[in-house]
Every structure is written in C-alpha cells, then in structure tokens.
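Chain IDs A, B, C and D follow the sequence of writing; residue 1 opens each chain.
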Amino acid sequence: MTQQSQTAAAEDIVRLVREPIDARATIELLKAPEDGALVVFDGFVRNNFKGKSTLYLEYEAYEPMAYGKMREISAYLRDHLAIDRIAIVHRLGRLEIGETSVLIAVSSAHRAAAFDACRYAIDALKRGVPIWKKEYFVGGAVWAEGEKPGQQAISAPGPSTC
Amino acid sequence: MTQQSQTAAAEDIVRLVREPIDARATIELLKAPEDGALVVFDGFVRNNFKGKSTLYLEYEAYEPMAYGKMREISAYLRDHLAIDRIAIVHRLGRLEIGETSVLIAVSSAHRAAAFDACRYAIDALKRGVPIWKKEYFVGGAVWAEGEKPGQQAISAPGPSTC
Amino acid sequence: MRHMQIRVLFFGQLKEIVGASEERAELSEGARVEDLFERYGRRFPKLAEFRGSIAPSLNQEYSDWRTLLTAGDEVAFLPPVSGG
Amino acid sequence: MRHMQIRVLFFGQLKEIVGASEERAELSEGARVEDLFERYGRRFPKLAEFRGSIAPSLNQEYSDWRTLLTAGDEVAFLPPVSGG
C-alpha cells in the first residue's frame, strides 16, 4: 500500500513516516530547472497548548486511508493549479518539542500557485486526513480537539486563489 | 550600514548576500519553542523566460535603500500580524539556474499569520525594494521588465488576510 | 438469513473507549453502517455519545451512516481529526 | 545664488545609458528632483524616455519629483524593479 501510494502520481511525494522528517532532502526533490518558486509549510511541535506546557505529542493515523486522502489532495491540486511537484509528509509516533510533524512543499513556475496549493494542502490535511494527536502534559494527556472529518475538506471548495 | 540593518529588529534576519543562501541555517534561526508554524518562500532561477533559455542571471541592488525597505517590510508585518520571526534574504551578483535568489521565512504560533506574512513580504519585495535583475541568454542580455517601485508596495494596503 | 463478517477499526479516543483498535463483527445481511455503530454503542455507552462528531468510513473512503454493508467490508469510526 | 552638490546614483538600464553608477552634480539652491533629472535627460535623451517608469529616491527614501534638494542629498533614479 505504502509503496503504491508513493508512486501513484509519479513526482508527488506522499508519506507517513516514523523517523524525523528531512526537510532539506524532501525539498530538493521538488526543485526542477523549469520552476522558479517553492513554498514550504513546516508544522512543528509547540511547547504549549491553551496555557499548559506540552511535554511531547503522539500522532497516530488510519494509515491506508490517510495515504489515500493525502494522494487525493495532491491530485486535486495538480488538477486545479499550475503547480509542478508537491510533497506531503506527516510524521507518526512520539514527537518532541520543536520537531516537525508535517511538511508540505510545492514547486511551481510562478509563486501564486505554490502559495495557494501549499495553504490548501495543509487546510485539507487538517480537516480531511484521518490523523490524531495526543498531547502529553505534566499529570495527564488529552486527545487534541479536532474537526469532524469529511470528504468535502479534500476536494471542495476550490483552492483559495486570493 | 549592513551591520546596523541586521540588528535593527532584534530577531529579524534581513540580508543582501553574494554567496549562496543557506536556507536550512536561516530557517533554523527562526524556530522557537513557542512557535508551531513556519512558512518559507524560496525563489530560484528558472531555466527559461518567455520561451528563451536562460544562461544565468545577475542581480544588483541600491544596497542601503534595499536594506531599509526590507527592514520596513519586516517591521510592518511584525506590527500587523501575529508572527514571531521573519527572515528576508536576497542574493546579489551572478546566479546560475536553480540557485536561490530570494528566501523569505516566517515563524508564528499559528499558520495563517505565517502564510499571510510570507506572501505579503515577497509581493512587497518585488514591488518596493530597489533590486534589479539582468537575464543572460545565448546572444544577449536584457534587464527584466519590472514594476515601477514605490513606498505603497511596502506598507499598504494591509497584508492580505484572506 | 446470511451473516457477514465486517472488520471494524477504532482510532484515538474511540480506541481507548473500546479498548481495541480492531474487531471482527458479525452482522446479518442488510445491516448498515449505523447498525454496526449502534451495536458498539450498546456495549460502550460512552462511544454512543460521540456519534455526532464521528465520521464513518467504509473501505477507506468517507461513508454515510445509511450505507449498506457487504461481507468483508472494513469500517472505521473516525473521531475528530487533529493532524498537522 | 549659492550652489549645492548632489550625489546622483543610477541603476540597471539607467546605469548603462548614463555609463556611470554615480555622479556628483552641482545645482543652484531651489532646485528640485525633477530639475536634476532634466539635466541628465538633456545629456542622455534615452534617459528622458524612461521618466514615466522611474521612481526617484532622496536619501534612500522614495521621493517626489517636486521635492526640493538640499546640499549633500543623495538622489537615485530607480527604473522598474525586478528583485525576487
């Protein structure tokens, strides 16, 4: 499943990983000579949530479905925006403060499409990809309040082009 | 002038450089434990322009004024958006295909402000910072068509918050 | 009436309520996604409280509570997501 | 009438037209940014053609063609910018 996911769209990088995300290596795969713009979103673990000090986080996913939805996001953006390549990488397992939980990177010939696609991808991921975060504090842990997921987050409304 | 520019806002990174931009080193300086989001724009040299093959580019700047305007962009964003740190780095001199000409990175607690600030910064830089690009092709060179610059590009209208 | 076997998956806080990430359930033909959920809701009343915030999936696609099940289906009850 | 010395900078294609990136100009008191430009426009007719797309700067701030000059000022004529 994983292998198939990663090669479904030849140049897209869609991955769930349990090791630290190598942002530089991922980004370098996206840059092609005909591109001129790359936009990256790097989401990493904050040291606090609602005034409480975070110790660490744990992420889990419904992996085959998460792969499918991440692939759908990249395919949707490829269909709707003039982008070249896209990477969507999410880490699972235990993450310490400052570690990257999600990396999204988009290359394109011109910057508007890359900005639009990158922002759409992280919004869609947060609302439509089955991944869950548990936050560990001194004295306890809670599953993060999230959003009821659904297909509409993946492929509608159209990517913001503001 | 340069030294002063770089320390005007304690944590901002505003630089004109003649060596390759080290994106990773720049980005790592921006991440603080209380942040959770980083948005990066990496503009690099495309291999073509209007159907012609580019050989290389040369950038020049009115350096003290460019520093001043880049600092104004970062100050303006800090005043208007809930961002933590910002880096605006532009390279000057000769650049080969694929090399980064401009790197803008913004960290924040939440992603919307980082996206808004990063996009505003590159738009403002392209319209308001005195930097010029000369494109070298086989058989000739041209100064890039640009935009008549002005102060309104730096600090108005407000950053897009769409 | 024939019976069908369904694979049922739980994640996040639902997994902790049920105490398992995966179960095999036997249902009669004609059962829908909501029937499967109701069965677990009777066993785990706390699970039933979550129904309004849960999205069901069928074979790794978002589904509807009214969808009919088929032998071999994989159903998951997805609590609010919080990736990113 | 007293004279004042002004530092004048040219960039990009304007630098190539003028053949210099920096000049010292002497103007009479009361001269404005536009007077300085006109002087160069007479010397370099091609420069004058660019006036509509040029933004003048005074002491490293965007300026106005009508602004009065002061001894020691630094003026630049900025053609369309293309950084990024």
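FYI, a contact is a pair of C-beta atoms (placed from the backbone, for glycine too) under 8 Å apart; a residue touches a chain by one contact, two chains touch by 3 or more.
Quantities reported herein were computed from a predicted structural model and do not represent experimental measurements.
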Length of the shortest touching-chain route, chain A through to chain C: 1
Cα-centroid distance, chain B relative to chain D, in whole angstrom: 26
Centroid spacing, where centroids are CA-atom means, of chain C and chain D in whole angstrom: 74
Chain centre separation in whole Å, for chain D relative to chain A (CA means): 50
Residue numbers of chain C (touch at least two other chains): none
Shared interface positions of chain B, touching two or more other chains: 43, 122
Interchain pairs in contact, sorted by label: A-B, A-C, B-D
Interface residues, chain B side, partner chain A - complex: 23-24, 27, 31, 33-48, 97-98, 109, 111, 114-115, 118-119, 122, 160, 162
Sites on chain C touched by chain A in the complex: 9, 11-13, 53-55, 57, 60-62, 76, 78-84
Complex interface listing, chain B residues touching chain D: 43, 59-62, 64-66, 68, 90, 101-102, 122, 125-134, 143-151
